[in-house]
Structures are given as structure tokens and as C-alpha cells.
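For reference, the structure discussed in these notes is given below.
Every chain is named by a letter (A, B and C) in the order it is written, and numbering of its residues begins at 1.
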């Protein structure tokens, strides 16, 4: 936020603004910038997802809108969703039904505050950064339950109950896997975690030691479940629950669910990038090659690689069943993550 | 305990092999045809819209009788003795004047039985498949070219255009 | 399995408009949480009065209607009907017609099983196999279109012959396709069938024991998936199937008990390979001949009653034809394989989970057009 505040001060007559407004301006500007960036990233990710799925399935995907490989297709779709009629079914709980998509989105969006995209491009550096992300991103569960309950649809209810159970359960191995990194940095601040990994690829936590590598794997699997991606897409399992908790939604409200889903995907990829892949730092140490590429670009490339793997998994794997989902969480991921904390703690004390 | 680890191992192995084969398809050429720009080359036997070359039609009504969905309506009358004889292109005398030959393509089941029943091969299925319309009635194609001399069939509308 | 259903029971109507009911089937599920206490299938949403309708259509005109029963395997549907009428009329077709009918029927079986495998993957949550299967199915449909002119509802088998002879050179194309296709099946296996998640989702789920299968009158791949080696092509050969060399794959229960969803699915995948074998042999046996040689000028069977059964991709398809000697059938009763397997659905799915219901339904591979007719 400091860098945003400095930018704002370059605006002529910015000093003339009243104190209350100039105090709010950096917050507002950061939110707008973050939202714009997120919206763009989501549009790109939706397009990428379509292309990846299409090519895995020997199709081409969107090819017409915008010319080159249908790059404008998602923009057109987003416009369509925003312009559609806002349908609220007759028998829903109107207040909850209308609020739910925004709360789901809020949970995803609020976590972006502490993500360090570059050495100076972050909104704020909380000293409990990673804990804040873990806490805030589970907010969306409330929104999902609201959506499922208020829709007055049995499929929505099933979807939301599954989602709640799944997200809450998988928080645990994800958080424990994160703790392995914290053991090494001794700090919960996202910026400190990245700074601890500077100096080339060998300093990334992913390649520091085998425990951290496995912790990355555990976090990646758990994060897939947290964002409801295949093979853990039970809450919106099309063949069973039609569309899960957003069955009754259409138009703009559906678009917000969609946005939240992809924002969550990007969030977990960003967290994994920050924790394990060195955030904005480049693979080649600065002593060998000067750092020409801006930090945010490096960050985005790393995050996109992880997102690509998420998509690749989605279009190759079938879906798990509810009991198997819980089996993997409680009987596989959780013991493994505890063992990893022990191992990593031992390594950190060496 | 052993099965527990074996299951985990097997799960990871098969997931990786599934992803490998899916990933390989990222680089295989796609089979999509960009429809309005590129079009399928239809084989000559394609059974799409029915077409009647009315000048060859002798009005025998075999097609209407063989149609399982009764989508063909043929109305004929005898030509008068004094009229000049009319022949189809294969030399069959057209003893009947066909004043109604309507095919309702919305009813047609594209089985092609009528084309085999036709003795002069004037009723054929063409390769034309892009003929969606806004009104169901526009799917009724009127092929008859001649007007009846008797009043029997005059209540029916004549086609607005070919 | 004993489950205590004393909790609150919620009725969940799955269908008639639901992504995985394969058409317009309604399943009335009594659910206790994720567990299904009872699943009652309601059919009839696609009823088109087929049996009554054909009593008003002449014999040749029935064939297009049989196409529309099981639209995924129209070639096999019409084959069963024309064989029935030919049996009643005592028509003998020549070797070329017999071989071509076998080629088309087996290609149609491959196409149908591809749909079954693809949509089953879709039911389990894997979307890619669906498109891969459809890609290969398109090639088969291309052959059908080149030969008969239609891609889905062919009206290709006529009483006493075939609509058209195949185009010269199609035999080579078919063999070329089979050569390409057989390794593709292994690719599908690696993507879906051998995937651990897929096995966990299907093996041990929806077990139909051999005794149950026989007592419910289940036929086709569903019966063979339960380990009963029964195939009409072997038991009561028609079209000279007795001269062909092919295996009858049965469910072996590699993963869990015999008769699970995985067994039924795998039987279809193995059958595809057997069909490839039959097509190869049939192409080798093609002799020149006129395909419309035995087509009668006027189809007027003698008064009588005849029953003929054939092995269609979904099981044993029987036609009971009663003729009163007129130009139209007096009565035509269809013994539908999907209908019989649906009767076993309730018992098999009791005590399963919601996701398993979808899995069981997909493994039965039903086509509602044929159940409801």
C-alpha cells in the first residue's frame, strides 16, 4: 500500500484533499487495482482452462470471438453474464440468496491483501500473513452454506454440505503443510517467507529438502480440495448434483461464484508460489544473471504453471466419492503432514 | 498396513500415467471442424432434404404410400383425352396431372423409402442440410407446378416462390 | 449389507431432467444423508407408442421406427427386426448381405460401447474420455454415412437385403480404422479404466450377483459382467456367427467382487476388441453378390407368429411378431434389454451412496428410447 500511496501523491493537488479522504484513498486504490488485476487474471484463466481442456480432448475450444484463438471469448461471456436478467427464484430466502455470492467472493478476495506479487508490490505486509490467508479463505464456506441453504433446492443443499465438510477438513492438512515452511523461516509474514528464499532455485523451499518437497505436494493436493477442483469437485459434481450449491444462480450472481472459484484457484497457486517456489525471486541467482524481469511477472508465471497443473489434473482424473474424500484427508494427508512437520522440524534444528 | 501404502502408491502411479496420456494429447492435432467456415464433404448417398423434379414426376403416389410418417401429400387428376400427351424425361407418359405435391420436411424421418419407391427416380434426397426456418409451415415444400382443371384442389395455397 | 435407516429420510427426485440419467428417467431416491435407502426408477417419459404405431405401418416402414428405439445402436435394432420378418417369410439372404450385416452390426456395437464408456467416464467425473470416444465413434459414423447416407438413423437393413452395397474401397478403410482403433482402446484404459480413482469409484459398487442377474433376466454385457457366459451370438447364432472366432468376455472381478460396475464397464471395453476381431473376419469373408437380391417386391408374410432374438450392444433384443397375413404387422412386441436391467436397479442401488447411484446407472448403460419405446 505504501507504493500505491506514493503513486497517489504524485497526482497534482492530492495534498489539498481532506485528511479523511486522503487516508482512505490508498485503500480504495489498492482494492481497485487488485480487483482489476484479479478480474483480468480470471478472464485469462477461464480462457486457458477452455483451451487446455479442448486440446486434451482433441478439440480446439473457442476460436471465433476476438480473432486469434478466440481470446475475447471470456470477455464476451463475462459481459453476457453481467447483462443477463437477475433471476431470484420465488421460494428462496431472498436476503441470504442475494448475499451469498459476494461473501464467497469476499473470502477469496480478502486474502489477496497480503500476497506479495513483487518485492514492493503488495498491499500490506501483515506479520501474521499466512495465518491471515488460512483464516480468511475459509470465510467462503459461510457463503457456500448460505447459497446452498437459501436456494431451497435439495441439490444445492447437498452441494453446500459437501463443500463445507470438504473445505473445513482440508484446511487442516493444508495449514499443517504450511507450518513446515514457517518452521524454516520463523516468520508468518509472506514477504519474509519470500525473502528467505532469495538467491536462486536451490534456495526455494521446494528444493531445500525432501520434507518440504512433500509438504508442497500435500499442500497442493489439499488446496485442490479447498478450491473444489477435480478430483475433489464433489460440491459441484455435475453428474450427481447438477451444479451443486450454485444450481439456482444465474447471471451476475453466478458470475461472482465463478469469479470466486477462479480467484480461489489463483489464490492457492499464489500461496504455493510464495511458500515453496520463491515468490517473485528468479530461478537464476542475481550474481549470475541480472534481474531484468520484474518480480510480479516472475510471480505470475510461477502461479500460472501451478494453475496449468491444476487444469491438467482436472481434465485427466475422475471424481472421488464423499467417503473416499474424507479417507484421503484424515487417513492419508493428515498423518503425512504431521510426519512432515516432525521431519522438517528436525531438519530445521540441524 | 501394507495395503494402505500399496494403495497410495498405486493411486499416485495411475494418476501420473493418466495425466501423462492426457498431456500427450495436448500436442496431438485437433479433429474439430470450424463449422461455418469449413464444411464437411458429404458423401453422395447423404440423405438430407427431399427434392422432387416435378417435370419427371408421374404422380403415381408410390412415395406417399411408402412413407412411414405420411409426410408426402400428392393430389392428382386424370389428364383429359384431348390434351397433348406429356412425357417424363425417361419416356414415361404422365397420365396424371399432379396439382399438389407437398412434402412436410418437419415430419420427414429421412428414411429414404420414398426415393426407392419412385418409379421415375424423380424424388431424391439431396445433400442440402442447412434449411432451418423460423416457422414450421415453411418446412412444407410445394413442388407441384400445374394447376388443376377441376375445382377439387383449388383451396390449397400455391407456393409463394420456388 | 445392513444399514440402519432410522434417520430422517429425504426424497430426492433425480430426473427426469438430470445430467446423468441418460435421457428422461426419474429416480426417486430416499436419501439419508449421502446414503440412498431406496431408489425407485420411474420410466415412461419417452414413451412414443412404438408398438401400437407399427401396427399401422407396412413392414418396410417399421424399420425407421426401430432405428429410433436405441438410437445409439440403430443398426442392431433394425437388424433384429429384419431378421424376425425374414424368419417369418423364410427369406434366405446371400453371403455378402450376411457379412455386411455383421460388419455393420459389429461396428455399431463398437460405436455404442464407445458411447457407454465415454458417458460412464462423464458420470464418474472424468470428462476427457467422453470426447476421445466420440472422436473415434465419428469415424464409424462416417462409414455408415458413406454407405447408407445417414449418420444416426440408418434404415440400412432391409427385409431381404440391404439398402445399398458398400462403396468400393470401404473394406480397406474399415480395416485401416480397426488397425488404428485397437491401440486407442489401450489409451482409454490408461486414462480411465486403470485409474485408481476410477477403480475405487466403480469396483465393489453396485454388485449384481450372478444369481440375481439371471433371476432378473438381465442380458448382454450386464449379465456377462456378473460372470455368466451367455451371448446370443453363441447360444443361438444368427447370420452365421457360429463360424466366427471370438471370445465372450465376462467379468472376472479383478478389483473386488464379480458383478460390480467396473466389471460391467470392462466387459464392454473387452467386447469392443472382440468386435474388432469379428469385423476383420467378416471383411475377409466378403464375396461379391447383389445385396438386394432377396428383397421381396411385396412384403406380405404369411399369417403366423415368430420370435427372434439378437445380441444388441445392450443385451438380448427380442422381437415377437404376429402376422395376420396382411401388409401390416398385427402385433410387434419388443423384449428390451434395458428394461429388464432397470428392474434390477432398485435392488442393486439400495444402501449405496448418491454418487454410487450415478455410477450404477451409468454402468447399466441404458437408453431410455428403448426402455420406453
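Annotations for the structure displayed:
To be clear about the criterion, contacts are C-beta pairs under 8 Å (C-beta built on N, C-alpha and C of every residue); 3 or more make two chains touch, one makes a residue touch a chain.
From a predicted model like this one, the values you see are computed outputs, not experimental measurements.
A comparison of C-alpha centroids places C closest to the centre of the full protein.
For chain A, the chain whose average C-alpha position is most distant is B. If each chain is reduced to the centroid of its CA atoms, chain A and chain B end up 52 Å from each other.
Centre-to-centre separation of chain A and chain C, using mean CA positions: 45 Å. Centres computed as Cα averages put chain B at a distance of 27 Å from chain C. In chain B, 15, 18, 21-22, 25, 31 are the positions where the chain touches two or more neighbouring chains simultaneously. Shared interface positions of chain C, i.e. residues touching 2 or more other chains, are given as 128, 132, 135, 191-192, 195, 197.
The residues of chain A that reach two or more other chains are 56-59, 315-317, listed in rising order.
The touching residues of chain C, when paired with chain A in their complex, are 10, 12, 18-20, 34, 121-128, 130-132, 135, 191-192, 195, 197-198, 200-201, 353-356, 358.
Contacts from chain C toward chain B in the complex involve residues 57-58, 60-65, 67-68, 128, 132, 135, 138, 145-150, 153, 155, 163-164, 167, 187, 190-192, 194-197. Interface residues of chain A, counted against chain C in their complex, comprise 53, 56-59, 154-155, 158, 230-231, 233-234, 237-242, 315-324. Touching chain A in their complex are the following residues of chain B: 4, 8, 15, 18-19, 21-23, 25-32, 34. On the side of chain B, the complex with chain C involves touching residues 7, 10-11, 13-15, 17-18, 21-22, 25, 31, 42-43, 45-47, 66-68, 109-113, 116, 125.
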